[in-house]
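I'd like to ask some things about the structure below.
Read from first to last, the chains carry the letters A, B and C; within each, the first residue is number 1.
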Amino acid sequence: MTVVDPTLARVKPSRGRAARERAAWAFVAPAMIAIGLFFALPVIAALLLSLTDFDIYALANLDNLRFVGLQNYERLMTNPLFWGAMKNTLTFAVLGVPLSIAASLAAAVILNARVVKWRPIWRVMFFAPYVTTLVATAVVWRYLLHTRYGVINWGLESIGLPAVDWLGDPSTSIPAILMFVVWKIFGYNMLIFLAVLQTVPDDLYEAARIDGAGPWKQFRHVTLPAIAPTMLLVSIISVASFFQLFAEPYVMTQGGPAQSTVTVLYFMYEEGFKWWNLGSASAVAFVLFLCILAITLVQLAVAKRVGAYQ
Amino acid sequence: MMQTAHRRAALALMAGGAAAACTPRRDGETVLRFWAMGNEGGTVGELMPEFERRNPGVRVSVQPLPWTAAHEKLLTAYAGASLPDVSQIGNTWVAELSAIGALSPTPPEAADLLTDQFPAVLETNQIAGLAMTTPWYVDTRLLFYRKDLLARGGFDAPPQDWAEWKRAMHGVKRAAGGDNYAILLPLNEFEQLLTFGLQIDEPLLRDRDTRGNFSSPGFIAALAFYRSLFAEGLAPLASSAQISNVWTEFARGYFSFYFSGPWSVGDFRSRLPASFQPNWATAGVPGPNGLGASAPGGSSLAVFKSSPHQDAAWALVRYLSEPAVQARFNTIVGDLPARQSAWDIAQVERDPMLAPFRGQLERAKAVPKVPEWERIVTEMQIVAERMVRGEYTPETAAAEIDRRADRLLEKRRWMIEQGRAV
Amino acid sequence: MKIRAILLNLAVALIALVVLFPLVWMVSVSFMATGEAAVFPPPLLPSHWTLEHYRDLFLNQGMGRYLWNSFALATLATILALSFTVPAGYAFAKLKFAGRERLFQFLVAALVVPAQIGTLPLFLMLKGMGLVNTYAGALVPWLASIFGLFLVRQYALSIPDEMLEAARIDGASEGQIFRRIVLPTLQPIIVTLGLFVFLGSWNDFLWPLIILTDQSNYTLPVALAALSREHVQDIELMMAGAVVTVAPVLILFLALQRYYIRGMLAGSVKG
């Protein structure tokens, strides 16, 4: 940039800056207005709504709306159905996260081995369930899990195990849904693990092999340290996603049997759109938000620690 | 085989109506949107050609809804101003839908549709004396019992009142022996305790239905009776989810009395072997003094205020209320008709298992008509379960139910004080 | 060494079996005659192949309508989301404007908030605007994609400033620069984001379930969920419905998987 005329040099960039500023706003404004209107405003409105008793009466006539302070939250805290939903959601997360991470990691480690043929094809194939329509595959799995005609029970019985009433028994309904969830999502984290594993230099494995380390030792001393930070972060992100289960119980069990698969989001849906208690449903939404926020803060803290180690 | 073919045909018919809803309407033709649920949604289409023949220029598009999603679909549609013209609704939703002003009350010229009905069922359709919806089919719960075990326990006829019933239960428990019980009262279902509660003299709510009245001597007696069935080992401490297969347990003699509705008649017939069939029967529910009440159930037909086709909509309700049409529907889907004369046309009572339902429906008693009712009985059952498990006595349980009901009704009290609700 | 290779390949085959079985079974059952799948042991292949369920779905159950709704909504969502987020993402990466940092921090913070929180008020807002049970109502959440904005910004950061500066010196307006230089450069991420949005909209369930109240507006997942409650016992019909729902997205994904996976890794490994 060689500018000859000094006056031009002073004027033009400032005019250019103004034009650029205007252009930038023109580029940004539609998205920001949409985000403000359809995301930020509803979230703030949800907080306000959770402090009112918006219900079926208020739906008919807004004059019937009252400000009730924290009453919705107080009542939630004494509502056994809400605590049941919290407990179920936690059960989903506590069982589901290790299960899905283990499946993803196992698949990634196996696929990372050079002796495996057609690796790019497997990679895409294992990921495919992730992009399928949740409702459709949930319907498929509902039949795979069928007590009498299901393929899974047929498999169990053919190796001499008793049939299980997967979706009809409160003690097996969560594991049954988790089988489906793990099948559907494990490919996602598998791809992430694979990407990290591919950054591990082959010499490290070579060196370990020369030191006489078997496959398990190689995994423990080479693979695991390389992948540990990613694994930690991925686990925490997975916890947050397990907090947002809704369509699975909606399609597969409708929250049953005996409320055993009612998740927090499902509870919010019923409270809001079945009973039309938008006030208390918004309170549920906020409790859910606080849970996810807490998980995210842990995630950020962990990310910082992990970053410091590297 | 016949059954399947029949169902398929019905399915094609009703779905044809639904698909037709997508095509633009022809000039001058009124398209009535009609939502129906479950079995009715799948079969009511068979009745429509006749209606359309009688009402040229009107076409009915039936949209079937699953029962489990129907309630929220109706409310969301109300909120989104996309309600249909006519819908089947569960008759416990009448209070709620009328509180939001969604229903078009029965016009004077349709007043005759409200005759020939079961009084208690009709009562559930009325708000402040005005019929908001029209009963379509009815059901209620009564007692399914094991004839053989009752006989072995020393009783030739089903019991008539609580005291006799209790003795009969001890009798069948002895006859069934082992780890078996006499009656199944699933702890997560409110219907059984509610039935006892309806049999007493006192109403369940008081002060214009703005406060719980569960501490009345009658309801405390009902709670005590309910608790005693568990305390004396007559009923298992189980929720319905723990009894995976009601009919086989019934056949095994795990319990000999069971509360249920007409839908169980078909289940017991199709799921239990022919050799077992002579061993069971249905009977009216015993009350504190002689046969008692139960809650009237079933579905009603609602015309929505938002519908621009009020005349055509009421013509459809009138058509579906005709005793002959109801009788025909009874043969198609097995529902018990709302109009009493339809029972005679369809000869419903020729079936000895269904005959007791007529008497039970005549004794039925409407539950309080407040939008909060379903939540109140849910809370009632939560407290009752805790009472059975020893946390409350009948007296303290009653007080606790009142406390919870009063809290749920707080908004209603405020609405009434403000003159905004009836 | 040989044994290890065989074992690993066997393990992969086993995983492939578990992954593929539900999908293959779905397709197979969808061609069985009514009632054929409801026996024990479950048959794996139809005794004779039939298209009766697909015919039933499209002729009697309105599947064509749902397919059209899903397709139209996903396409519109893609176009709208791209036209809202791509310019904004570019501006956040490459154009200086007052308040940029503060806005950006606000967006980062907003990422933490799950969108479901706003569902209830958003429904009431759209009810006030008369948009319940309309395509427009169903599309609204796709306009406000913070994630998409970040994805574009991340990618746009790699556009060399010199390239833009040179165009400015040549007298190009900001709009021209965006059209002629930025858009072609961003093409891979635009395909990726478009794919994300299309698949996301196609597979979305909670929001269309709430906002689309009338059957004639249902998308495939909403219709399938309703049908599956209605026809629990009709396994073969439901599998045909699942095939119709899943097949388009699966094919689209397989055709464009490179873009999908690249974008996904860019968005999650180090965002």
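The definition used in the following text is that a residue touches a chain if its C-beta (ideal position, glycine included) is under 8 Å from a C-beta of that chain, and two chains touch if they have at least 3 such contacts.
Because the structure is a prediction, the values reported are computed rather than measured.
When chain pairs are compared by their number of contacting C-beta pairs, A-C comes first. Comparing mean CA positions across the assembly, the chain most remote from chain A is B. Chain B and chain C have CA centres that are 42 Å apart. Centre to centre, using the average C-alpha position, chain A and chain C are separated by 15 Å. With touch defined as above, residues shared between interfaces to two or more other chains in chain C number as follows: 124, 210, 229.
Counting partner chains per residue, chain B has residues 68, 76, 79 touching two or more of them.
Shown for chain A are the residues that touch two or more other chains, namely 254, 273. Across the interface of their complex, chain A is touched by residues 4-5, 8-9, 11-12, 15-16, 18-23, 25-26, 29, 37-42, 83-85, 87-88, 90-92, 95-98, 100, 103, 107, 110, 112-122, 124-125, 140-141, 143-144, 146, 149, 165, 168-169, 173-175, 178, 199, 202-203, 205-206, 210, 220-222, 224-225, 228-229, 235, 238-239, 241-242, 245-246, 249-250, 253-254, 257, 260-261, 264-265, 268-269 of chain C.
By the touch criterion stated above, chain A contacts chain C in their complex at residues 1, 16-17, 19-21, 23-28, 30-32, 34-35, 37-43, 45-46, 49, 107, 110-111, 113, 115-117, 122-129, 131-137, 139-144, 148-151, 154, 158, 183, 187-188, 191-192, 195-196, 215, 230, 240, 244, 246-247, 250-251, 254, 265, 268-269, 272-273, 278, 281-282, 285-286, 288-289, 292-293, 296.
Chain B contributes residues 68, 71-72, 75-76, 78-79, 96, 99-101, 188, 239-241, 244, 371, 375, 382, 407, 411, 414-415, 420-421 to its touches with chain A in the complex. Of all residues in chain A, those touching chain B in their complex are 53, 55-57, 59-61, 63-64, 66, 75, 80, 165, 168-170, 254, 256-258, 260, 270, 273-276.
The part of chain B that touches chain C in the complex is made up of residues 4, 8, 11-12, 15-16, 18-19, 21-22, 41-42, 63-69, 73, 76-77, 79-82.
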